[in-house]
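You will see subunit A twice below: alongside subunit B first, and alongside subunit C after that.
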Partner chain A sequence: MTVEIKWPWQYNFPPFFTIQPNLETRKKQLEAWKTLILNYFKQTNQYILDLSDISNLELFNNSSISRSLNRDDVILILDFLTRSENAEAIDKNKNRWYIYWHSLREWAHIIYSWAQKTNRTNSVLTFYEIRSTPNEEFTELNEEILSKALQLLESQEKAEIILLQDTCGVKIF
Partner chain B sequence: MGIFFSKRKKISRITDHDKTILELKIQRDNLKKYQLRIEAILENDRNLAKRLLTEGKKDRAKLLLRKKRFQEQLLEQTDGQLENLEKLTQDLEFAQIEIKVVEGLKIGNIALKKINDTLNIQNIEQILEETREGVEKQNEINDLISGVLNDNDEQAIELELSQLIDQNSEILELPEIPNEEPATDQLKKEIKEKTKKSILVEV
Partner chain C sequence: MRRRPGIGGIQKQRLEQEKYKDKGTILQLNYLEQMSQQVEIFRRNLEEFALKHKTEIKKNPQFRRQFQEMCASIGVDPLASGKGFWSVLGIGDFYHELTVQIVEVCLATNYKNGGLISLNELRLRLIKARGKSIQHQEINNDDLLFAAKKLNIFGNGFCIIEISKGEYLVQSIPGELNMDHTAVLQLVSKQNKPYMSVSILREQLQWDTERAKKSLNHMIKEGLAWMDLKNTTENLYWFPSMFNECINSQDN
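So, the complex of A and B:
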């Protein structure tokens, strides 16, 4: 990925990489991390964070001020993101995480309104077809996340997922 | 308690038709993926051939281009197949719409029939018949009323009418307008005296 990331001022501020003991300060710090992480994932169009990978990730390592975030702190921040429905641990060991720069509810809404706007309701769509729609926010959306968002729509009775030879399709109503 | 735990039974809104369309679309997606793969290979081969040429390995470059040509043909074939698949999908979807149109026509037809049932010809004939009877009755009544008076009565009525007209013209006969000038005061006195005298004379 060669996307130019606009780092916020905090990124070059050494204390940003240490979780602050003062609760008020910590809250602000966590909010800033949240914005940074979500923006980073959105701009690089990524959906999954693997914690075994964090030492290679520029996001958590600022070599110019030689600061980096350790694994426990990253988990702490991700737990904070989980509370606002912006992250979810995939496994029990909290090794892999979904990063939802749109919450699942937002994704579901985005897809549903797209289907309505482009009159795709009441017809069958494949997941691949949705993901390969050009110039939409959900272009190249992670298939698992797409599936979760569509399941959400299904629970609201706005869609029904069809499974056919281990490939998924969906009918949006 | 069973009610609370029993899952609400949902009626699937997916028809066999939808499944068929999905199957076609999956095949289409597979073809598209295949095309993307071949395109990537072609791009790769092109670059490789270029490099081989700069290195002077003309024979290998030619071989590579032959392979590339073959894959390009494959790509063209898949294009044709893709078109077929998409056409079939569209036909299927269109057929579904046609079914809905026919259903709509059916519903409209039934509604029209219902309206026509209430408006059947017998009813209309009956209504028209009744109207005609009513008109005839009215005419009869009219005839009856005017039929009470005979010719003599008519003559009497004519007579009365002409008498009334004569009376009216009598009332209209007014005295003539005088031609003379009205009398002056002097004249009036003279006249008065004259009349007095004449009265006296008479007494």
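So, the complex of A and C:
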């Protein structure tokens, strides 16, 4: 990953890596972690966090101050992100997580507005077509997340998902 | 053999004492009258002076400081005088404005420093938020202290802690800090590292473990310090208000 991350001051503040006992302070800490994680995933264009990787991620390890988060810490933070619809555990053991730097609702809205603006309504679009549209926020969007966002549109009766021979498509109304 | 004092002698003595007392009162009254005349003249001169140098007082921090001292020496508080002569000057307004801006900066940075900010950081942020003209920029720590002290009227929600000579912290959250807490802040500032620990307190202030823990935990409870359990030797208590990267961070 060659993207230059702009680390917030908290990242170099050693106690940022200890879950704070004071609840007020903890709230500030979790908000800061949330902003940092979402920015990090957005800038590196990632959508899934695998907890078996956390010891390799610079995000959770600041070697210059010798501080890192352990698995329990990360889960506590991800639970906080889940509450604002910015994360979701994929499996029961909370090993893999979707990281939504846009919530599903936001993704659905972004795609829907794009289809309206560019006259792509009422015709079948393949998932691949959507994901390979250049220079959009959803360019290269994770396929499972795309599917979830489109299902959300379907539940709002703004789209219909169509199973094609070897792929999926969608008709946005 | 010494003669014992007779009744007459005692009475004579008492009479003399009373005479002295009367004379003393008269002298004192004269003196007081003279003094108040002088103070009155001084006050009038000060008013004339203030009127004449109104813009200079607002512009020049050193001038302002000397003016404050003169005011204080005769018990005139240019801030308290909302009506009458002093309000015409607008000097009170100058400080009222500063006071409001101090509160604004404290509230705006509360999310990261827990309501504790050094006077220097406060000044830098305040100057940045004010207009660009020189008049708005020339604010020194004396001005801020003078204005911030007025915030005491809000009870213990606002107080100024002197941590070393000329170095101050402004606390903008309710909750009083006792002598021990102040001593901790002073030591943090003195050692130039933004954290504290039980062993440092034991060593530097000869406190026992209980006392040190109690003080540090209070800082955590008040949100002034953050707990660091991942240091290898012992738990550290970090103060964002004294952590340079936090002080200099521009994100709000």
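Keep this in mind: the second predicted complex is superposed on the first by the 172 of 173 C-alpha atoms of A that agree within 3 Å, B and C clash if a C-alpha of one lies under 4 Å from a C-alpha of the other, contacts with A are read in each partner's own complex, and residues count from 1 in each chain.
By our rule, a contact is a pair of C-beta atoms (placed from the backbone, for glycine too) under 8 Å apart; a residue touches a chain by one contact, two chains touch by 3 or more.
Because the structure is predicted, anything quoted here is derived from the model rather than measured.
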Which of subunit B and subunit C A:Arg67 touches, first, second, both or neither: second
Partner chain in contact with A:Glu24 - subunit B first, subunit C second, else both or neither: second
Partner chain(s) touched by A:Glu160 [first = subunit B, second = subunit C, both, neither]: first
Partner chain in contact with A:Thr126 - subunit B first, subunit C second, else both or neither: first
Contacts of A:Phe13 with subunit B and subunit C, given as first, second, both or neither: second
Comparison of subunit B and subunit C by subunit A residues contacted: C
Subunit B/subunit C common contact set on subunit A: none
Partner subunit B, residues of subunit A touching it in the complex: 123-126, 128-129, 132, 160, 162, 164-165, 167, 169, 171, 173
Subunit B residues within the subunit A interface of the complex: 12-14, 18-19, 21-23, 25-26, 29, 32-33, 93
Subunit A-touching residues of subunit C, taken from the complex the two chains share: 111-112, 114, 195, 220-221, 223, 226-232, 236, 238, 240, 243, 245-246, 248-249, 251
Complex interface listing, subunit A residues touching subunit C: 8-10, 12-18, 20-22, 24-25, 28-29, 66-68
